[in-house]
Every structure is written in C-alpha cells, then in structure tokens.
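Data first, discussion second: the structure below is written as structure tokens.
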Amino acid sequence: MANDPEEKQPPASPKEEPSAVKPPAAASEPASKPPTAPAAAAAKPPAVAAPPRPPAPPKEGPVPLDNDLVKRYKERFGDAIREAWIDRKQAILVVARERLMEIATYSRDDEKFDWLSDLTAVDWPKREQRFDIVLNMYSLERNERLRLKVYASADQRVPSVQGVWATANWEEREVYDMFGVVFEGHPDLKRILLPDEWQGHPLRKDYDILTQDTAWVRENLGIESGQ
Amino acid sequence: MLDQIVFYFFATLAVISAVLVVTRRNVVQSAIFLITALLATAGIFLQLHAEFLFIVQVILYAGGIMVLFVFVIMLINMDVSLHQVQFNRQWWLGLLLALVLGAQLTVAIAVGRSGLPLGEPAPATALEPSTQLVGRVLFSEYMLPFEIASILLLVAMIGAVVMAKKKV
Amino acid sequence: MQTLINFVISIWVQLVCALVIVAVLPLVAGYIVLMERKVMADMQARLGPMRVGPHGLLQPIADAVKLLLKEDIIPDEADKGIFWIAPLISVTAGMLAMSALAIGPWFQIADLNVGLLFVVGIGALGIFGIVLGGWSSNSHYSLLGALRSAAQLVSYETAAGLAIVGALLLAGTLSTREIIETQEDYGVWFVFAAPVGFFIYVVASIAETNRAPFDLPEAESELVAGYMTEYSGFRWALYFLAEYTNMVVVASIATTLFLGGWLRPFAGTTAFNFLDGFPSLLMLVVAGYCFYRAPKQPVKIQKMFLVVVAGLFILVAAIFAAPLMAPAGSLVASAKPGLHGAFWFLLKVGLYLYLFMWLRFTFPRYRFDQLMRLGWQFLIPLSIVNVMGIGLALVLHRQLGWSHWTAFPLTTILTLVVAGMLASAGAKKDKEHAVVGEEA
Amino acid sequence: MAEQRIPFATHAETTVLGADEIVLNMGPQHPSTHGVLRVKLRLDGEKVIGSECVIGYLHRGVEKIAEHRTYTQFAPYVDRMDYVAAVSNGLGYCEAVEKLLGAEAPLRARVIRTILTELQRIASHLFWLGTHALDIGALTPLFYCLREREEILKIFEKYCGARLTTHAFRIGGLQYEAYDEFEKDVERFCKPFDTRVNEYESLLTSNRIWVGRTKGIGILTAKEAIDYAASGPVIRASGVKWDIRKAMPYAAYDLYKFEIPTGKNGDTYDRYIVRMEEMRQSRLICLQAIENIPTGPIMGKVGKVLKPPPGEVYHAIEAPKGELGYYIVSDGTTQPYRVRIRPPSLINLEAFDKMIRGHLVADVVAIIGTLDIVLGEVDR
C-alpha cells in the first residue's frame, strides 16, 4: 500500500478513509448532483463495501512506515535510508546526505518521481545537525508523492540535485539565501531574493524577526535601520 | 527684384552651410548642414521654374542619400573616432589651394563673359512644364543611357543584397 | 516696396490658405486625438473623455494647455542643438506637405506641376526628425526606436510610392488638381480602376505614419516610447502634432488619388443630385443630436455650450444649403463647388482616419522582422506587379480598344492571383523562420 | 567650438554595433513585466542569446512572519502573495491546516469553496488575457476582460466584503453563509460568459497578426516542462495531461465533471488556447455546482484555538498559475514552526531563460505574458 492513500486514486483497492466523503474516482461519477447523503459531514461509506475505520483521524504524530516502496529503497541503498515514517498519510524517507545524488537519480528514473514539486529546508537549532533539507517529489505516472529528508549542520555541504531536476536551481539558491546551506555542484549559487551584499540568513530561527542588516540599510538607503 | 533677393538668400545659405559642413567637429551637425546646402540648391532649381529637378533633388539627395548618411553615422560608434585629433595642422596649404582655384575661376569668367549667352532668363511660361519635358526627352533621345543606368543600379542593388545576406 | 505689395496682393488667396493650414492644423490634430479617444472608448465598451466640456469637447484645449505647462526636460548629455531642432523638422515636413494638396477647387496653396511628388518627397524628410530626435536624446532605448522607425519608413515608402505610380498611370499628371479633374472626366474614381493599388497604399500609409499594427518604434511594451522617450512637454507635443499631420497628409493623398478628391460620389450622373443636400443634412443631424444631449448635461454652463455648438452646426448647414437655394447664375450659386468640394474632401479624409483608428484598436502589433518581411517580400513586389497590371490595362484599353469595363477588372484579377502566390510563398517562409526560432 | 564630446550611451554598458553583444536591462519599472521583475537580456543585435532574472524587489518575508503568527492570524497574509487569485491561495492554506489538524470542512462549505475558487480562476485568467493581449499590442481585449472580471469581483464583495484580498475562507470551513441570491448572481454571470469567451476568441484566435506573434514562440517541450517542474496551463500546453483537481481531488472537485484542456507543442499560442478552454471548463463547474448547493453547517468541528499535533504536511492545490503547495511543519504550539509556500509563478519563471533563447526582444514581452507570473508570489 503506497503512501498517502488518501491522496491516491487507486482504481482497484477502495479507500475506506472515512474523513473524505469521496467515492473513488473509478466508480461511476455521481450525477452532477452531489451525493444525496445528508449533507451533514456524516462519513458516507464509499460505494464499495469496506470495513469502516475508526472515524478519529490519526491524532498521534509520525508512525513508522514499512511498505514495498520503502523496502525497494532499503534493499537498494541499505543503511543510507535512515528512517521511514508516515505523517498525516504522507510518506517520508530520511536519507544520508552523502548518497543524496544517487537516491535522487534512482527516484527519478526507476521510481518515476520525475516531477520535483518542492525543495526547501527547516531549521531546528537545538538539533546537532540543525537543517533538514526537504525534497517533495511527485510521480506523474503513479500519481504519488514522496518526501525525502536530509539532515545537515550549518557548515556541511549538501550535494545539489540541480543535475537531476533542473527546477532545483532557483529553489536551492533560495534555501542558500534564507538558510545559508551551501549546495555543492550548483552552477551559480548566489542570493536570489535578498540583495547580494546582505549579511545573515533571515529564515534561521536565531535571526530575530526585528533584525535587519543595519549595515546594508545604512549604506544603501542612507537611513538608520528601519526597526 | 524679388527674384534677386530669393536667389541671393539661397546662394549664401548654400555657401555658408557648405563651409560649415567642413569645419564642424560634431559629425551629425555637419550632416545637417550638408542637408541644408542640398535644400538650398534645390531652392535655386525651384526659382528657375525647374520644378521636377527641385523635387528630384529633394527626394534623392535630402530624402534618400542623406538618410543613409545619418543612418550610418548612428550605427557606427562615434566615441572612438572623435577623440583622435582630426586636423593635421595643414589648413594653410588648403587655404592657399582654394585661393589659387578661386583666382582661376574669376579669370575664366571675366575673359569668357562676352562669349557666354547670358541673356535674360526665358519667361516661365515659355517652356513646357519641366516634368513632361524631362519625361519626353528621357524616353526618346536618351533611351539607351537611361536603360544602361537602370541596369547599373539593379546590379548595385543585387550586390548589396548578396553582401548583406552573408551576415544575416 | 511697391513690388512687395503687388506680390502680396497677387497671392493673397494662397497666403490666407497657408495661414489657415498653419493655424487650424494643430486644432484639427487636437480634435483628431479626441475623435480617436472617443472611437477607442466606443469600441472598448466605455465612454472616453467626458469631463472637460460636454462630452469632452474641450479636451484638446485642456491637453494643449497641459502640455504647454509641463516641464520640458532635456537629458543632460543630450546634444542640445539637434535635440531642439528634431521635432521642428518633423512638424515642418508635415505642414509643408499640406501645401500642395487641393482641399477644394478653391482651397489650394500651390498648384505645383509636380504636386504629388512634392508631397511624397517632403513627407520623406520627416524621417530626419525622428532619426535625429532618437539619436540626440542619447538613451539606448530611443536610439533603437529611431533606427527601427527609419528602417520601417524607408521600406514602406517604396511600397507607397509604387502604389501611387500605379494610380498616376491612370491620371497621367502629377498636379493634384488635374488628377481630380481627370477622375471627373472619366466619371469613375481610381479606387475602382486600381483597387489593389488602393489596398497597398492603405497598408503602406499606415506603416509610414507609424500607426496601428505597425507602431513598432514607440511600442510601449518593448522600447518604452521609442524615439520620443526623452521628450516631454510641448516638444513631445510637436512630435505628436507631426504624426497627426502626417496622418492627414497621407489621408489627403489617398483621397486625391483614389477617392476622387472633392468630387461628390456619382459626380457626373444627375440622377444623384439629391446628394448635394447631404452636407447640410449631415450638419442638421449633428445639430439635432447636440440639442438632444444639451438638457442632459449636468452643469448649466455645459448646457449653454452645447446649445451654442448646435447653433454653430445649423449655421454651417445653412451655408452649405445657400448655394443650392440661390438662383442659378448668382454669385452665391457659384460658391457651390468650393464649399461642397471642401466638405466632400474632408469627409473622405475623416472616413480614412476612422479606418486608421479602427485598425488600431482591433489588431495586435507586428513584430519588427514580420513587419519588414511583409513590406519587402509582399507589398513591394505586389505593387510592382500592380503597376505592370495597370499599364497592361491601359494598353488594352487605349491601343486595342477593349472597353475599360473588361480591361481593368481583368488586370485586377491578375494582380490578385499574383498576390495569392506571393502570400503563400511568404507563409512557407514564415514556417521556416518559425523553425529557425526553435533550434537557435 | 569647445571640445564637444559625443557621449554615446556610455553609462549603459552597451556598444551598439560592436562585435560583442548588448546587455539590455528591462528594469523593475517596465510596463510589461507584470510587477517588479528585472530581466538582464544579452542581445546579439535583436536576437536574445541569454538572460538573467533579478527578483526580490517585492520580498516581504511572508514565511518568516508565518513563524510568529498563529494559524488563523496568518490566513490574510496568504491573500497578499498571488494578489490576482487571492481566494485560491486561501483555499490552499486552509485545506493544508485542516489536513494538519486532521479535521474536515463540511460538504456545503467545500461546495461553496469550489464555486468561489473556480470564479477566481476565471477572474485570474481574464486578467492574464487582458494584460497579455495588451503587451502584444491588442488594446481592446483588456477592457472586455476587465468588464467580465468586474462581475466576479462584485460577487466576492457581496460574499465577503472584499474584492481583491478576500480572506474568504477560515480553517475548518467558512466564516460567512452564502448570501441569499448567491446562486442567482453566479448563474447571471456564468450563463452569458460562454458567448463572452467566444467574443475574445473572435478578436484574437483567428487573427493573423496574433497567430504570427504567438505561434512557435517560447516553445517548451513536455520533457523540459517536467524537468523544470512547470505546472498549471504551462505544463498542460506542452501536452502533459495532469491537473491536481483530477489527480488528487480536493474541496468538492470530485463531484463535478469537467475536461482538462491540453496543447500539443507548448508554444504561446497553445498556452493561450489552454487557458481560454480552462475558463470554459470553470464555467461548467460553477453551473453544475450552483444547481444544488447542499444544506448543512458551514463550519467543521475545529476548536477556537488551533494546536495541531507535531508533524508536517504538504498539501497542493491547482491555482490558476499552477501547483500552489503548502508545506507546514507544526511543533504542537499554536504557531506554525515552518510554512513553506511552493510559488507556481517562480518555478514557471525558471523555464523563462530556456524559452526566450533565439527569439527577439518583442517575443520576450510575449513570453513573460504567457507565463502569467505575479511578482507578489514570485518574491513572497
């Protein structure tokens, strides 16, 4: 059962997730009139009978995940796949930083995740490897999403996936601009949103929201810092 | 009397602008003065009731060739060539030659004055309107030179197109 | 001193006409701008200028005053002398070209023997104004705009010139007055004898005045405002005046050459004499509309103003009607050709300008290379073929005695066939160009 | 005559006819860059041989602000990103947070949300068509499009009081009940809208000059579109039949039938056709939806104070410009730990450099128009 079932449109296996009132797409599309079931948010069991799951959506956080996708990754890359869990019905794989390029190429070519929808970063200052670089991939054929995570500390260099998906170019520049993570192998890694001479990386947690690069402001705008 | 005024106005205008063309350091200004010189001569044609020549002078010289001049002046970057010193300090030699030429001209006119048929200019209405006149002459007596000239122009045009083709 | 006075007396008519042209043209240009904005608004489901005077009638005056008061900025490194003279060249070229045109049988400044050639030649001098203006304002954008417009004007002038040659073959003379008289003798306007020539001339004249689909040089979206970028205040207005004067000149050439100048439609046939009443009828209709709108004006002064305007139109209607009512031989009756001639000429010019505006608001802009390709690969060859076609028709008609009803339509069809072939060849080449775009 | 040096565009680093190329700067203040985008074009004569987009002039640090606001407080900021399609931004954010909470909006709320989002899609495409045609020189379509768009903005104003930055939705459902003649207004707009689209098409689609200016311009093949992660009409015009409303239905899209228009060779003309067809499809969705808006509550079971359990979610919707994604990380407090917004305009803009190579300056303007970018979203 691949990840993110709720997202998936499995023609065959019905999805009994009660929260979304949604007959599987394969089933005949209800006439333009919406389902006659009482409009109240009653969970309408899908047309195909399936044991209704407890209505309470999974309240607890990430749950370890082990499906065939994760198995394929594990037997291909062994311990490079550090962890795998599912959070809010979306699969997440934490991978080793060194082998990111390989895993990315494998995901695109063999696993058909050919459309990199997003590449971003989150800063956890308390953790030793403070940044986690997040790659949200999507497979056009299998209509599935998968999220790769790589942990990196401030001074470690993350391999750039710009070679695998051309779209990563500007997104990596933005992560460099906002977090200061250096991407190795990126054609021209420089700031994309902020002026080139700006000091500091705003989206880091320790960059207080009122801090403005006073030097840059004083020098270019000729005024004391705006705060 | 009015004709004299008009004539002298155009004549002096032509001479002054011709001189200015040579002496201007700014190349575009000299181009403009060249245009005024050509228009002044066109004015003189008009004064002689040669309307066709007047308009041909305006269209060909001012409208055609000078547009090409100004076009080329703009396309070539003038900055570099302006800094080199244009004059090579031999203007006195030029002046001398000009005086010699002037002297020769005045002598020729003075001696030949009696021989030249400088009678009263024919009244405007005597001749046919110049367009028909030029047209008839051009296509009757001077048919052959007219055709040769047109072929020559055609060859020049094709040459230009072929040369430009390589660059595109 | 005496000769000077004699000289002035002998040409007072031309002098008055010249004064009228120089004084009235800016006002007319202003009202053409208003007409354009109103027509544009009408086509775009909105109202256009309504605030200054009733229905925006005083808008041109407001524009002129605004432009006069605007600060006149000269870029610091610009070439002051040329920057100052460039718009003047454009305006003088435009106005000078108006002098050879015969607005009505009476209203003509100079009946030059080379009339039409003069107008086209002087019009060509306008290029200097644009090119020098673009160059002297020393900004990269205006230079690119100036070079582009120069190239466009030069290439479309050839097409317009050849289209004129086509019609001149029919007219046999260059003087504007005689062209209209030959059309009167033939009883048919040249637009029906050489329709392809007229079509080419319309397209070429639009390109020549930098308007509508061909307004590349000041295409707002690419080069900001082309050669006019650095101009402001009244200097910019001079360029605008030059553009509208050129438009009027080009429209007058077309009217003189193809639409029978000051001739009333069906001038010859007496059956259509009721058309003589059309000018005063039109004026009365306009006056009626003004009266109808007057009470609806919000401000009292605008009501009064509209009533005055309506009165004016009734007066003009009376002037047009007077020669019809007056007894045959009287002086007043003799004024008919002059007045009605001028009316018909200006009406045709007005309709031609409306065509300009109509095209401007429906068509997107050509790209520069498409524009040049259309000019050189379609219009110019077609106009050459058109000249040959009309020559052939004349030979058939005059030498071989074919009736002109068969000769001219036949040649027109021939030219259209050639036009089709040219167009398809052009389309094939476009595909190649499109491919070039791909693999470059 | 004093030495009068001819200053010839020395300040701009340009040599007009030198062998090397010109660098033409289409600066932030340019009438056709749809906002404050600066493009440094490297030209060889008139042909573009390279470009560099300089962005960031409208950067307001929305993602940093999000970390200091509660989930509900951050909702209005989302409208300011793609200010032309504020309603769909709001829908994306609210659904993402609902997914984070594991809550669900009731059916009636989801149907009304679908109607308003589809109306917003039509309004966004109308605004695109008007400005795109204006850039290429056609003056008239702009006013027709704005006339229709005005009707939609009136409906938004009647529903939630605002025209542009509407903040129409709340996390968990809707704040306002649909006003009583809501169905009639939407129907009054949708019924004649088909003839209106035909009106635009009569002006442009078969217009020789329009076809000449758009066919074969800014070609993006399907493979390149996927590689550059283009989305929305840009990827569909290249032939990839993919629309999140069909692939991963959200709100109430799975209840209605509609087609996904695709193009063949991914040039400006195909993108134009795709967007025009999309407007028609959105109209069909709205008509189907207003036939029977289910009754019932408009607000789901979501507490006043939202404290989602720690974890993260990525939720994407089909905004008019493309896939608008929200990656929200929650650390259990009332304020999101990290909100990352996937801007479709910025990612579509990445393919811009590849698309304009070999074209002329006039085409650059057309290509910026066809990408339909809004700088508020590009710079965030």
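Labels for the chains are A, B, C and D, by order of writing; each one numbers its residues from 1.
Note that a contact is a pair of C-beta atoms (placed from the backbone, for glycine too) under 8 Å apart; a residue touches a chain by one contact, two chains touch by 3 or more.
These figures come from a predicted structure and were not determined experimentally.
Student: If each step moves to a chain the current one touches, what is the fewest number of steps from chain A to chain C?
Tutor: 2
Student: From chain D, which chain is the farthest off, judged by mean CA positions?
Tutor: B
Student: Across the interfaces A-D and C-D, which one involves more C-beta pairs in contact?
Tutor: A-D
Student: Measuring from CA centroids, which chain ends up nearest the centre of the complete protein set?
Tutor: Checking distances from each chain centre to the full centroid gives D.
Student: Give, as an integer number of Å, the spacing between the C-alpha centres of chain D and chain A.
Tutor: Using C-alpha averages as centres, the distance is 22 Å.
Student: Between chain B and chain D, what is the gap in Å from one C-alpha centre to the other?
Tutor: The answer is 62 Å.
Student: How far is the middle of chain C from the middle of chain D, if each middle is the mean of its Cα atoms, in Å?
Tutor: 43
Student: With chain centres defined as C-alpha means, what is the inter-centre distance between chain B and chain C in Å?
Tutor: The answer is 31 Å.
Student: Would you mind listing the residues of chain C that make contact with two or more other chains?
Tutor: Residues 79, 143 of chain C touch two or more partner chains.
Student: Find every residue in chain B that makes contact with two or more other chains and list them.
Tutor: 26, 28, 75
Student: Quick check: in the complex, which residue numbers of chain A touch chain D?
Tutor: 7-9, 19-23, 25, 29-30, 32-35, 38-41, 57-62, 87-88, 90, 92, 114-118, 120, 122-123, 134, 136, 140, 143, 145, 147, 165-167, 169-171, 178, 191-195, 202-203, 205, 209
Student: Which of the residues in chain B come into contact with chain C in the complex?
Tutor: 1-2, 26, 28-29, 32, 35, 51-52, 54-55, 58-59, 62-64, 66-67, 70-71, 74-75, 129-131
Student: List the residues on chain D that touch chain C in their complex, please.
Tutor: Chain D residues touching chain C: 6-9, 12, 14, 16, 22, 24, 30-32, 46-47, 133-140, 142-144, 147, 203-204, 207, 209-210, 212-213, 215-217, 219, 357-365.
Student: Touching residues of chain C toward chain D in the complex: what are they?
Tutor: My answer: residues 40, 43-46, 77, 79, 138-140, 143, 213, 215-216, 219-222, 224, 360-370, 430, 434-440.
Student: How about chain D: which of its residues touch chain A in the complex?
Tutor: For this pair, the touching residues of chain D are 55-56, 59, 61, 63-65, 67-68, 99-100, 102-104, 106-108, 111, 224, 226-229, 231, 240, 242, 246-249, 252, 254-257, 288, 291-292, 294-297, 300, 309-314, 316, 323, 325, 327, 329, 337-338, 340, 342, 346-347, 350, 379-380.
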